[in-house]
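Labels run A, B, C and D following the written order; every chain starts at residue 1.
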Amino acid sequence: MTEMPSSRRSAFQVLTGVFSLPAGARLGAGPTIAALVLALIVLASICAPLYVPYDPLAMDAMSRLRPPSDEFLLGTDPYGRDIFSRVMTGGRVSLLIGIGAAIVSVAVGLVIGLLAGFFRAADGIIMRIMDSLMAIPAILLAIALVALNGPSLSSVIIAITIPEVPRVVRLVRSVVLSAREEPYVEAAIALGSSMPKILIQHLMPNTLAPLIVQGTYICASAILIEAILSFLGAGVSTEIPTWGNIMAEGRSYFQIKPGLIFWPGLLLSLCILCINLLGDTARDLLDPRMKKREG
Amino acid sequence: MKFKTRDLSTAQRVLKIRKLKVGLTGRPDAQPVLNEIDLDIRAGETHCLVGESGSGKSVTSLATMGLLPKDALEVQGGLIDLEGFEITNATAAQMRDLRAQRVAMIFQEPMTALNPVLRVGEQIEEVLNMHTDLSKSEAKARTIDIMEQVHLPDVQRVYSAFPHQLSGGQRQRIMIAMALVLDPDLLIADEPTTALDVTTQLQILKLIEEMQERHGTAVLFITHDMGVVAEIADTVSVMQKGEIVESAPIRELLTNPQKDYTRKLLKAVPNLAPRPARAVSEKDAVLNVDRLEMTYGGGGWFRKSEGVRAARDVTFDIAPGRTLGIVGESGSGKSTVARCIMRLIDPTGGEVTVAATEISRLSRRNLQSHRKHLQIVFQDPYRSLNPRWTVARSLCEGPINFGTPKSEAMERAAELMELVDLPKDALDRYPHQFSGGQRQRIAIARAVAMKPDLLVADEAVSALDVSVQAQVLDLLDDVQDRFGIAMLFITHDLRVAAQICDDVLVMQKGQVVEQGPAAAVLANPRHDYTRSLIEAAPGRHWDFANFRALERAPAVEGPIA
Amino acid sequence: MFGYILKRLLATIPVLLIVAVFVFLLLRLTPGDPAAILAGDAATPAQLERIRDRLGLNDPLLVQFVTWFGQMLKGDLGTSLISNTDVVDMVSDRLGPTINIALMTIVISVLLAVPMGVIAAWRHRTWIDFAVMSFSVLGFSVPVFVIGYILIQIFAIELRWVPVQGYASPSDGIGAFFSRAILPSLTLATIYVALIARMTRASMLEVLGEDYIRTARAKGVRENVVLFRHALRNAAVPILTIIGTGFALLISGVVVTESVFNIPGIGRLTVDAILARDYPVIQAMILLTAGIYVLVNLIVDVSYSFFDPRIRY
Amino acid sequence: MKTLRPNLPGSRTLAAALLASGALLAPAAAPAQEDETTITAVMHSGLRVLDPVITTAHITRNHGYMVYDVLTAVNEDFEPQPQMADWEVSDDGLTYTFTLRDGLMFHDGAPVTAADAVASLNRWGNRDSGGQLIFDVTESLEAQDEKTLVWTLTEPFPPLMDVISKQSAVPPFIMPARVAETSPDETITEYVGSGPFIFNEEEYEPGVSVTYEKFDDYVPREEDPSWMAGGKVVNVDRVVWTTMPDNLTAMNALAAGEIDYLEQVQIDLMPILENAPGVTVEMRDPLGYVTIGRPNFLHPPFDNKQIRQAALAALGQEQMLATMQGDPEYYNVCGAIFGCATPLGDESGSEIVTGGPDPERSKELLEEAGYDGTPVVLMAPTDVVSLVNQPVVAAQALREGGFEVEMQSMDWQSVVQRRAQQAPIGEGGWNMFFTNWMVPEISDPLINVMVNGRGDDAWFGWPDDPEIEEMRAAFVAAESAEAQKEVAVEIQEHVMDNVNYIMMGEYLIPQARRDAIQNMIQSPVPVFWNMTKDAE
């Protein structure tokens, strides 16, 4: 996208910059609560096997679509499986997908981005390819990819990751490009530091802050995309409950059994909400000027 | 040197500040940013507010405009009286009314201070639309008129130009027109010429003076440049750490300063008298630059210029222990030359020979080993050190690159800290824990650590306050004597050049217009451009450090162009 | 200017080419055999083989690619393997609904989001700001189809204000169109509004810190003028950018929304095609969407110069 | 592309902007006149393939019955009846003579001739498994004159009339000769039939909607309609089939009166419709469907008979059906491989699966068979509502029965493609999948492809089962209904023992209609003749 002529920070901006606290500091309770809620959800999901009353896969034809009761906390689904057990267990996989996607895409994007940012030769080609990838709507690409290697957990993660990588690459690249103009990098050149050394020791650290932020966003959107994939019939196998495919299975029961969408939906939304909030806070704290969240 | 000596005690008082206290919002007991300052300005008076960065000059002006950044600063006491109107407790609406009509302001950065997406004409006219009910045509006429008053060329065209299409000087003229179009009683000028080249600066100063006479405006002029003060002030207030330490008529202050701080400040101001040149060494030159040429090709998405010749046919050499200064205004190509020599960019022509090796065409790899011969110190002390690295790591980076064992490098680093007199424990700290001056010392130490033959100082002191500037210049001098390093000193400030250079080379539009021993070039310049540069240097007749006029005033006397 | 546009258009060619190759390979590697789908339950291996031959699925990949690509350059996107109808017709039939919904969404989003963002930035760190931000984060957090179902439940089933599903083209009457397009558009808008509002706020915050804003205030300019005349135009570029890049999100959303509201648009067409391994359709659709995306962003880039005179091509 | 209509509002408004863009891009939409009656129906899936001979997809067959007509058709008692033609069989059972009735006409106005019929039968015979059997023994099939065609056999084929009159999966639809001459491997490109409805090609959007218009020149028979036999009297002007992404949407649309008819109602969701005014939920097809599991005979573990039996024991119909349908009203535990309500239906030897599940028995059998724990690769479609449950339930049951199960989820098209792979498991092969049939599609050994035992030429799973082939031969040879029944019982017992496939029981799918829709005939195939629509 277009680079803007960036105006030098004037005395005034420095002045205000000096005196105003980082935005995060004033968000107050928000992030704290978010962190707590998230921690709670994560913990609950991880520990799910310890406390859920039923095997999330155990079906009972005789007790299908039961209403919430002492026996089934949130009732049962069309297979007579305990919704509570499924939702709590589903959280693990959804979170796994989110975190997995985030880590993979950040890692891959970082490497490619550094190369693109520093080696002019590689830059052109890499960015063309990235542009192309970005031009393909993520969902369509993901569906195709899932169709490609079957709806296994790993392939879903890959399918979600690939469309995200270009955004990370762009981010890393732009950071590198601006950082390499910094006098301290030129000084390093003058001091005879080798390119790889400069790349790793001087430039890479600059990308970490934005990457952490980007990572949280990817994590959030990955969880969301997983749900949408399941909804479109290209999600994780129903044998592995995720918030996404629980909702997908429940879609046609929306009116007679809203719980099937509501509960996983609620947890999923809460979870993403918190992750996003924390992401914003992290962004404000780590790098107030990083505002671009590549669509 | 003649100063303004008008007596304004009878003139009516425009601004009266009493016991003004400004502090961090919501933190009344924290160290205040302005501590109970008093200030008076009378109609037609030019009152200069001088002080080093962070002394509170800008805050004073913003407070007077009622423009303090709400969420950061607030008035915590005292009063600001503008012709009987109390500003500190005015409503937003009242303030809006006041601005531009009775108090106006011009700022340091004419580029960022003008809205880049609106035509400058509109921006001036907007003032009229806001405060008067002139018809469209009247407003335009008035705008054109004021634009002519500020001597803008080709007013009709400029009227509908965008800021980025104008030169820095023109933009500042627009700002002035905008400020004075409703001729306010008080004009606040916050470092209005700092971002401009000397020649432009001179014109702007003249303009402000002219406008002031025409409209009888009182001017509160904020600057850090004693030269400027000497040129324009009726009265001066010296600020330090949020307080006004001394306030006096200009001549009094310059000839007979009362307070130590004022003396210290004045002593630090370099004057245009060239330093006594050092003995020409017989050793053969460390650096030979031969017909150096740098042409920036076009290409790149938005670079309109196809092939800018940033440097043409630049030839010079420097012997060990001597200092060559390259002076010139922005865009003269002086920094390009420096970067070419450092091979931060690859020159498109000519030769650069360092320590008997021609490096202008060496491949990056082969260059590596020659890097240690030449080192550079950058302008911006805040960006020239990796903020994530300890000082020690920065200092050791170079030597380790050239195979010095870590321990040895560390010892060396420690010595260097002494050399640039910083405490040893500074080694384990991070750049942000140091002041600008200290960082620049560290940067110098880092360069010296390589035991280079040539040290390039690219505007190395331009970003520093005068007092700090003096210290750093001394340090450079000292380092040079100690290691016999040859130095290439890039600066736009003739005074600084005069202080440190043996030889001077004047560049204009990428070409060398004059070069020779500093004394010769500065004392009797042969080239018009050099002359205009010297003549434009404000307060050049005054030897601030010794509180007297310069007996051997440089360059020709007479009316300033 | 036109030189620039031309340059950009040329620059899109490699992009689309890469997309084409990528998609082509992707599909040929995807398990799934249109022949088997066509042959149906009672097919014997022999029959399958004959059908594969007829569909040219047995030719070497390169041959298949060249033939397909050659035809495509001639504007012939082939015929659907499954329904045997011309892909161009299929697509042109399906394009209308999607484009209309998308347009309506964009209009709604911009009308809502930009003022939201501006106000949030202006009243930075007040409850308004907090409200706007929370909403926008929420917009990211709820799956599109859930929003869709909720809207259906409320407005179509409980209140019976609008039909449950379906689509009517504006040529069948504006009323019919709006009554059916409004819910899908709102559904899509939630995430888009969130995106644009965030970016508007962020961008405005940055701009409001600029010197010329202070200058404007120093001129005694009224606050609303400061916000909308001085600030917004300067903040426009990143906002436009996000509208452009967000377009990808929009397309993704469309895919889902169309199946929730049963709109015969290209989104459903593509998903169905993928699930049915209808190669020509998938290739055409992904190229098309990619093309649209690239084009939209080109338009966005060009429109920069309209908001910011410093940008000239 | 449609051009802009006149009388635009002010071009500045959003409305106009959208209208313009929309109208420019709007697909051609021919608004129906007020006075004609249109029935909007949501069918079980979208129509994508228009050639009823080349695929067995139900939706395409249903399309076939709208647009095309058949020579003869079985009635609800499975008795062949004349439709386009009457027939005579020579005493030696070798010669069948068909005589077309008067007034038969294609939609393009051309009369239907015996030649058309011959061409159509030939193409059908090439694709249909039953048809192939007949053509194996066909001496000649030719048109004697405009109205008469003669089919001569080399040896008697008593069930011939049953086969060509069958309702599913591929009935011999009669097309114009020029169309019928299309290679049986290519889909036809001209959609002209002599059926009661005309296919409207302009308004056809594959997978989304298809429109049929009444064929005014169609001459129905006098008899009352019974299944596909009898008079096909059309009382509406247009029939529009549309697809809906999910059952819920469709139901809401029906409840809101946006559609008239919903072919399949998801049992669990019926409450929604039951309290909706003006909607009737009912059974159209009392025979319903069967759901079955098919093992792959080529690869372990199911290449071992005992292990197949173990699977049979491990699975239980009740459990499976209850999960699929919920309400016992709508399923029927039935061990008869030819369907419980059909003439050939018989449940002998099926207790093990009707009574099941019996994990213990399964474990024993596995024990005896020395099952080495080879995982059963079970293909599980994720995107076809009527097929998602079976594998999930089965996987669970098989595990309890001591099997290792690897359930591989994929979309249905992947299943369709994978099940055709004979390759070993490692190379994309499979062990088991589930599918559904309409009862008439499995109601006798010739129609029912799963009892075909011809190895590689058999249906997916490829059992090489000479015994069953003998039995089928015997069935073909059988002169009388009684004789046929006897053979059928043998086959039933054999299948239960050899586990050619696992009968998981019968289930019923109700349909729903606005009350305005009346006089719909009972039939496995939803038909739109005889149907009337009152003004609501």
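Miscellaneous remarks
The criterion applied here is as follows: contacts are C-beta pairs under 8 Å (C-beta built on N, C-alpha and C of every residue); 3 or more make two chains touch, one makes a residue touch a chain.
What you are looking at is a predicted structure, and each value in this text was computed from that prediction instead of being measured.
By number of C-beta pairs in contact, C-D leads when A-D and C-D are compared. If you average the Cα atoms of chain B and of chain D, the two centres end up 87 Å apart. Each chain gets a centre from the mean of its Cα atoms; for chain A and chain D, those two points are 45 Å apart.
If each chain is reduced to the centroid of its CA atoms, chain C and chain D end up 38 Å from each other.
Chain B and chain C have Cα centroids separated by 50 Å. Chain contacts: chain C has residues 31-32, 125, 157, 210-211, 214, 259, 275, 308, 310-311 touching two or more partner chains. Across the assembly, chain D contributes residues 246, 252, 383, 411, 414 that each touch 2 or more other chains. Within chain B, contacts with two or more other chains are made by residues 71, 107, 109, 112-113, 116, 164, 302. Those chain pairs judged to touch are A-B, A-C, A-D, B-C, C-D. Chain C contributes residues 14-16, 18-19, 22-23, 26-27, 29-32, 125, 130, 133, 137-138, 140-146, 149, 153, 157, 195, 198-199, 202-203, 205-206, 209-211, 214, 237-238, 241-242, 244-249, 251-252, 255-256, 259, 270-271, 274-275, 282, 285-286, 289-291, 293-294, 297, 301, 304, 308, 310-311 to its touches with chain A in the complex. Of all residues in chain C, only 31-33, 36-45, 47-48, 50-51, 54, 80, 82-85, 90, 92-96, 99-100, 103-104, 107, 152, 156-157, 160, 163-166, 169-172, 174, 177-178, 181, 259-262, 264, 268-269, 272, 275-277 touch chain D in the complex they form.
On the side of chain A, the complex with chain D involves touching residues 57-59, 61-62, 64-65, 78-80, 147, 150-151, 233-239, 251-256. Only residues 1-2, 4-5, 9, 14-15, 17-27, 29, 31, 46, 48-50, 54-57, 127-129, 169-170, 185-187, 189, 204-209, 243-246, 249, 252-253, 256, 258, 383, 411-414, 416-418, 420, 422, 428, 435, 449, 456-457, 459 of chain D touch chain C when the two sit together in their complex.
Those residues of chain D that touch chain A in the complex are listed here as 246-248, 252, 266, 268-269, 271-272, 318-320, 322-323, 326, 380, 382-383, 385, 388-389, 392-393, 395-396, 407-411, 414.
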